[in-house]
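Take a look at the structures below.
After this come two complexes, each holding chain A, first together with chain B and then together with chain C.
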Partner chain A sequence: MQLRKLAFAAVGALVIGGTAATPPASAAEQFVPLLVYRTGPYAPNGIPLADGFNDFMQLVNERDGGVNGVKLAWEECETQYNNDRGVECYERLKAQGATGSSVVNPYSTGITYALIERATADKVPVLSMGYGRADASDGRVFPYVFTLPITYWAGADVMVQYANEKEGGSLKGKKIALVYHDSAYGKEPIATLERLAEEEGFQFQAFPVAHPGLEQKATWLQIGRQLRPDWVFMWGWGVMNSTAIKEAAAVGYPMDRFVGIWWSGAEADVVPAGDAAKGYKSLNITGVGTNAPIFEDIKKLHADGKGLADPKNIGTVLYNRALVNSFYFTEALRTAQGKFGEKPMSGEQIQWGFENLDITQDKIDSAGMTGLLSPVKLSCADHEGGGSAVVQQWDGAKWAAITDFISPRRAALRPAYEASAAQYAKEKGITPRDCS
Partner chain B sequence: MNATLARPLTLWLLALPVIIAVLGLALQGLAAVNASVFFAWSYFLEVLFAGLLQGVMYALVALGFVLIFKASGIFNFAQGSLVLFAALTMVGFIEMGLHWTLAFVVTAGVMVLLAVVVERVVLRPLVNQPHIILFMATIGIFYFLDGFGQTLWGSDVKVLDIGIPKQPLFVLQGVFEGGILVNAFDLVAALVGAVLVIGLAVFFHYTRIGRALRAVADDHQAALSVGIPLKTIWAIVWSVAGIVALVAGIMWGSKAGVQFSLALIALKALPVLILGGFTSIPGAIIGGLIIGAGEQVAEVFIGPLFGGAIQDWFAYMLALVFLLFRPQGLFGEKIIERV
Partner chain C sequence: MLYREAGQFKTSYGSDQAIFPIRQDQIGIALLLLVAVLGVPALAGEYWLETIFVPFLVFSLAAIGLNLLTGYCGQLSLGTGGFMACGAFFAYKLTTAFPELHVLVVFLLAGVGSAAVGVFFGIPSLRIKGFYLAVATLAAQFFLVWMFNKFDWWTNYSPSGVISAPPREVLPGIFLTGTEATPITKYLFLLGLVAVLALVAKNLTRGAIGRSWMAIRDMDIAAEIIGIRPLWAKLSAFAISSFFIGIAGALWAFVYTGSVEALAFQIDRSFQVLFMVIIGGLGSILGSFLGAAFIVLLPILLNNVPAAIGLQMSVEMVSHLEFMIFGALIIFFLIVEPHGLARLWQIGKEKLRLWPFPY
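This part shows the complex of A and B:
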C-alpha cells in the first residue's frame, strides 16, 4: 500500500513538475495564447488549425528571428470547443508573458461571444477571423473585436452573387434553401439572405438542423423531394457537414448546386462523405493547396526537424487558414512596433496595430503568401477590412478554387452592421467611440 | 417468443395500418388549413418509411443498452463510447490492411477482451453495490474509452466503407407518380437490425447462457446461490453488448463517418428505451421504429409550424407521453414491489 501511494505521489509530482517546467515566455518575447481543440467532437477541424498556428509562429522565429527581433512564445490550452473551457483558458493565459496576452483567437463563435466583454475590459484584441459577430465589424462599438477578412453576412452575399452569376445574371423566380446549424452561428446569414431574397426576387427557405447534426433525413426529404430548390447553401459545422452531403446525395440533389460556408468546406467535411461529395462547393476565405512560396519555407522547416505540425495537415484548408490568421497577427504586431518600438507589445498596442493594419498585395507577395489571401485595410470604424472569399470545389481528392476572390457588396452590408452594433450598444449601455 | 410478448406485437401489427391512415388524414387536414404544411400521400409514405428505417438505426444502439440492463440492471452510460471505440478499432485494422471481414472478427475479439477487462477491473470490485454506483462506474468507462480510443486511433474523421450500396431507389412507381424514394443503405440497415434481433432473441431464450443471463437479471444473489457464475455472465453480456456496439458502429460509421460524434448517438437511444422498455429486445426495435417514424413525420409536417429542428425534443416528448401511460415502456417488465 505504501508503495502504491509512493507511486501515485511520484506520478503526481511528475505531472505537476512537467507543467511547471514549461518555460515561461521571457521578457523579450511576445506571448500568444492558443485556444485549441485537439480532442473532442471537433478535433478533426481543430487539429489542422492548431498545427497551422504552431508552424507559422515557429517559422517566424526560426526563419526571421521573430518579428523585428521579438520572438513569439505561445502556449496551447485545450477548449474542446466548449464555451466554459474557452473562458477558463483565456483567463489562465491572459497574464502570461511580459505584456500578457496580445491577442486571442477563439475559433468558436460561442467562445467569441463569451469573451467579447471580458477581452474588451482586459484590452486584449479578439481576432474572430470569419466567425463570431458580424456586427463587431463596427469598431466604434467593438473596439477590441476584429472580424477580418469577411463576416458571415458578407459570406451570404458572396454566395448569392455566385449563384446569380451561374444563373445568367438573375435569380428572379429561383428557389434557394439554407440548411443551418440551429445555433447563433447558423442563424447569422438568415437576415441577409431574407433581404437579398426580397431585393433579387428569389424564394428563400431555411431549414434548421439540431446539434450535432447526425440526423438530417427529414430535412433533406423536404429539400430534395418537396421544395426542390435551385441552390442549397449550408452553414454547418463538424459532423453536420458530411452528414448533409451524404443525405443530399441520398435524395439525388446535385452537388454542384450545393454551396457551404467556409466552415463547411474543409477536408474533414468531405472525406467522410466519400464519392458522394464529388462536385460539392464551398466558400473559402483563404487560398487552397501548397503553391504559395511560403510552403517551401515550411517544407524546409520540417526537413530541419523543427516543424511542429503533422505533415499530412500541411496545405489543408484549415491549416492554411491558421497560417493566414497568424500572418494577420504578426502584421498587426509589426504595425504596432512601427509606432511603439521594436519590443513586445501590450494588447492595447496591438489593438492599435490592427486598426492601422494595411496588408497590400505587395506585402502578401513579399511574405510568400501569394494566393493565400486578399488585401485588407482596417480602420478605427472598419474592423472587417474589405476582405473577400473564393468558391472552391471538391474533386473527390482535393479542393480547387473555381473563382477569383469575390468581394461582398458592402455598401448594403455596412448599414446593417452599424444598425445591429447600435442596438448592441444600446442594450449594453456602450457609448460608441468617435472614429471620425 | 412467449405469449405475453406475442399478444401486444399482434395488436400493434393490426393497429399499424389504422394508425398510419389516421395520422395521414390528420396531417392532410392540417395541410388544408395551414399553407406552411405540404401534404401528399406519396410524400407522407416516403417520410414515414424513411423514419421507420432510421428507427432501425436507433434500435441498433438501443439494443446494447437493453442487453446490459437485462443482465445486470445497470444503465450502461458507456454504450455510446463502445460504439465509437468499436468502429474506430475496426477502421484502424482496415487501415492496417486487413479485409473488412477479418477486421470485424479481430475487432469482435478486442470487444470481448475489453468486456473481460471491464468485468475484472470495474464490475468485480463493485458486486452487490447499489445500481447507482455501477451506473457511475459506467460514466467513468465512457470517459476512459472516449479518450483511449482517440489516443489509440487518433481524432481524425475516418471513412468506413464496407461496400454497402447507398444509391437512392424509387419504389411503387406504378402507384405514385415519381415513386417513393428509399435509400438502399437504409434497407441493408433494416436487414442487419432484423438479423441481430432474431439472433439475440434466440440466444436469450434458447441457450443455457441466455437463461443464466435472465436469471442473473432477475436476482444476483439467487443466481449465485444456484451456481451461476456472475462474473462470467457479466463478461459474456458485456462481450455481446460490445459486438452489438460494433455492428451499430459499422452501420452508423458507414453512414456518417467514424468520428467522435458517434458516441453522441447514444442520446438517440434513450427515447427508444423509454418507449420500448429497458428489458425487451423486440421493444428496442419497436421503440426505435416508433421514435424514428414519429420524429421524421413530426419534423417534416409539424416542424414548419414551430420553425423546424423539432425532431430531437419531439422524440423525448413522444417517449414521455408513453411513459405517462406505461412507465415500464411498451414491452418492459412490470415492476411490482410489496411494501
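This part shows the complex of A and C:
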C-alpha cells in the first residue's frame, strides 16, 4: 500500500513538474528551433541533416562567438517526419528564447504546408530550402515563406536542360518518364514538365508510386520494357529511392540516364541499392565533398571535442545541405542586424533580413564555403533568389559533381509561380503586398 | 462519503432515465464543462490549446463516430481514415463553391455527404461479418484516399494535391480558419460542437435506435426474431457513424492543420481511431474521450517529460523511450482492464460509492 502511494505521488509530482517547468531563456541569444527526425522511417536522411545544423551553429558560436556577438541557441524537437508532431514541435518551441523562434526549417513538404499559415500569423519566417510550395517564391502572397535557392519546378527545368544538353541540343521526339511519390511533393514537377514537353517537343509520361514506394515492379516493367524512355526523372523519398534504383537495374535501364531530384540523391538513397546504383545521377542544390575550407574548421571543432555530429556524417550530401541552410540563416540574421542593431532579432526582423539577403561569391569565399553554394539575392517579391543546382553522379563509393551550377530558365517559371500564388491568394482572400 | 446517493429520490420517469441520474455526477459534469469553457481558455497557453486540446477534441469526435459503429453496433470498420477524408474534401469543395455558406453548415453538410458514402460502403455488412467486414471496409479506406489523390477536381486543380482551408468566419468578424483565427476561437468552437454531438450520440444510444444496434451487436439472429430489421439497423449505424467521422475529418483539415493532403488520412489514421475506441472502451461515449486522450496526449506528454524534469537526453533517446513506455502502457491497461478505460472509471465509481466501508 505504502509503495503504491509513493508511486502515485511520484507520478503526480512528475505531471505537476512537467507543466510548471519552463526552460530558462537567455537575453542575449538568438533561438533557433530545430525540427528533426532522428527516428522513424526517414531517420537515415534526418540524422545527417540534424547533425549539419548542430555542427554549423556550434562552429559559429565557438569560432566566431556567435553572429556579431549574438550567440545562437537551439533545441531539437523530434517530429518523426509526422505532420501532427511537426505542428506540435513548432508550437512547443516558438515562444522560446529572447525573441521567440527566429526561423523554422521543417524539412518536410507536409509540415511546411501545415506551418505556412501558422508561421505567417506568428511572424516566423519559414525557410523551405528546396522543398515545400514552389509558388511561395512569390513574396507578395507569401511574405514569410522563403524557397531559396531553388524550387521543384525550377529543378524540373534544370533536369530538362541537362537532358537537352546530353542529347546534343534537342529533345524533339525523345521520351521522358517521371517516377514520382504519389503525394503533394511528388506532384510538384508535373505541370512544369508538361509545359516543357510541349515547348521542346518531347513525349512525357508520369508514373505515380504509392507511398511508401516499396512496390515498383509493375512500374518499372512498363518503363523498361514498354515505354523505353530516353530519360527517367525521379521525385522519390526515403526507401522509394533505393527501391527504384534496384528495380531500374533489374529491367536493365541505363543508370546514367536516370536522374533524381535532390531528395533522391543522398548516400542513404544509393548505398542500400549496392552496385546497381553505380552511375545513377541526381540533382543537388549544394556542392558535394569536403573540399571547402570550412571543413578544416569543422575538423578542428571535432578535434577539440566540441563537434556535435557523428563524424561519419561530415561531408555527406545532407550534412552539407544543412550547413548551407544554416549559412543562409546566419547571413539573414547578419543582414537584419545591419539594420536593426547587433542584438537578437525577432522573426519579423529576420524576415526583413531574408528579403534583403544578398549572398555574393565574395561572401561565400570569405565564409569558407566555396563550391558549396551559388550566389543568391532575394527581394520583397522574389523569395527564391536565383539559385541553381548541379548534377552529381554516384560512382559506387561517393557522389561527385559532374556539372557546374546550372541556372533554371526563370523567365518562364516566374509567371507560373505568380499564377499559382494568385490562385492561392484568391482562395485564401489574401491581398498581395505591394512590392514596388 | 461524498459520493453517495442516499436521500436522492426519483419521483418521475424522467429523472429515473436521466443521463446522469446521481446528483454528484450532474455537479461533476457541470463543473467539468465550466472549467472547459472558462478555465481552460483562461489558463492554457497557445501551445496547449493548439496542439493538445484541439486535436484531442477532433479525435474524440472521430472516436465517438467509430464507437457508434463498432462499439454499439458491433460492425468492425477499418475505413475511418477514408470517411475522415470524405468529410475534409467535401467540406473543402462546398466552401470553395459556396463561400457564403456558414462554416458550421459546411461541416454538417460534409458530414451528411460522408454518411451517404458510409451507407454505400456499409451495404456489404448485410452479408458479411467480423473480420470479413473489416476487409470490406478496408476497400473503402484505400479507394477513397486513392480517389481524392487521383482526381484533381477534389483539390480545385491544385498542382500539389493539397487542400488548404480558406478563411471563414464563425461569427461576424471572428475567424475560425485562416491566419486570423485565434486558438481560443478554435477551441471554443470545437468544444461546443463536440459537446453537442456527444450529447446527440449519447441520446441516440439510449433510445430505440441505439437499442436496436446493441441487439444486432449481441446476437443478430435473435434481434431479427424480435423484430429488428438488420438492414435498417446496420445501415443507420454506418450512416450516423460516418456522419460523425466525416465532421471530425472536416474539423481536422479546417480547424487543426489548416491544410491537408489525402495521404494524411491513410490506413494509420484508421488504426489510430480504432485503438482509441478499444483502449477507451467499446460501447461507451466516455470511453471515446478517454481513448482519444490516451492515444493523442500521452505520447506528447511522454515526449515532454524528460525536458520538463531537467533530464538531458538526446531527442532520439526521448523518442525511443516514448515508444517503449507508450507500448508498455497500452499492454498494461489492456491486461488490467480489457474492457477499456471507461470500465476502469466505472469500477472506480462503484468503489467510491462504498468507500470507506467496502464489503
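Rule of thumb we're sticking to: the second predicted complex is superposed on the first by the 411 of 436 C-alpha atoms of A that agree within 3 Å, B and C clash if a C-alpha of one lies under 4 Å from a C-alpha of the other, contacts with A are read in each partner's own complex, and residues count from 1 in each chain.
The rule is simple: a residue touches a chain if its C-beta (ideal position, glycine included) is under 8 Å from a C-beta of that chain, and two chains touch if they have at least 3 such contacts.
Bear in mind the structure is a predicted one, so any value in this text is a computation, not a measurement.
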Contacts of A:217 with chain B and chain C, given as first, second, both or neither: first
First (chain B), second (chain C), both or neither touched by A:113: second
Partner chain in contact with A:420 - chain B first, chain C second, else both or neither: second
Chain B versus chain C as contact partner of A:121, first or second or both or neither: second
Chain B versus chain C as contact partner of A:92, first or second or both or neither: second
Contacts of A:133 with chain B and chain C, given as first, second, both or neither: second
First, second, both or neither for A:190, with chain B first and chain C second: second
First (chain B), second (chain C), both or neither touched by A:182: both
Chain B versus chain C as contact partner of A:429, first or second or both or neither: second
Touching both chain C and chain B, counted on chain A across the two superposed complexes: 38-39, 43, 182
Residues on chain A engaged by chain B in the complex (per definition of touch): 38-41, 43-44, 47, 182, 206-210, 212, 214-215, 217-219, 221-222, 224-226, 238-239, 242-243, 246, 249-252, 268, 271-274, 276
Residues of chain C defined as touching chain A within the complex: 45-47, 50-51, 55, 96, 149, 156, 159-162, 164, 166-167, 178-180, 256-259, 261, 263-264, 266, 300-301, 303-305, 307-310, 314-316, 318-320
Complex interface listing, chain B residues touching chain A: 38, 43, 46-47, 50-51, 54, 147, 150, 155-159, 161, 166, 168, 181, 183, 185, 252, 255-261, 264-265, 268, 295-296, 299-300, 303, 307-309, 311-312
Of all residues in chain A, those that touch chain C in their complex: 14-15, 17-19, 21, 23, 36, 38-39, 43, 76-78, 80, 83-84, 87-88, 91-92, 95, 109-110, 113-114, 116-118, 120-121, 133-135, 182-185, 187-188, 190-191, 211, 420, 424, 427-429
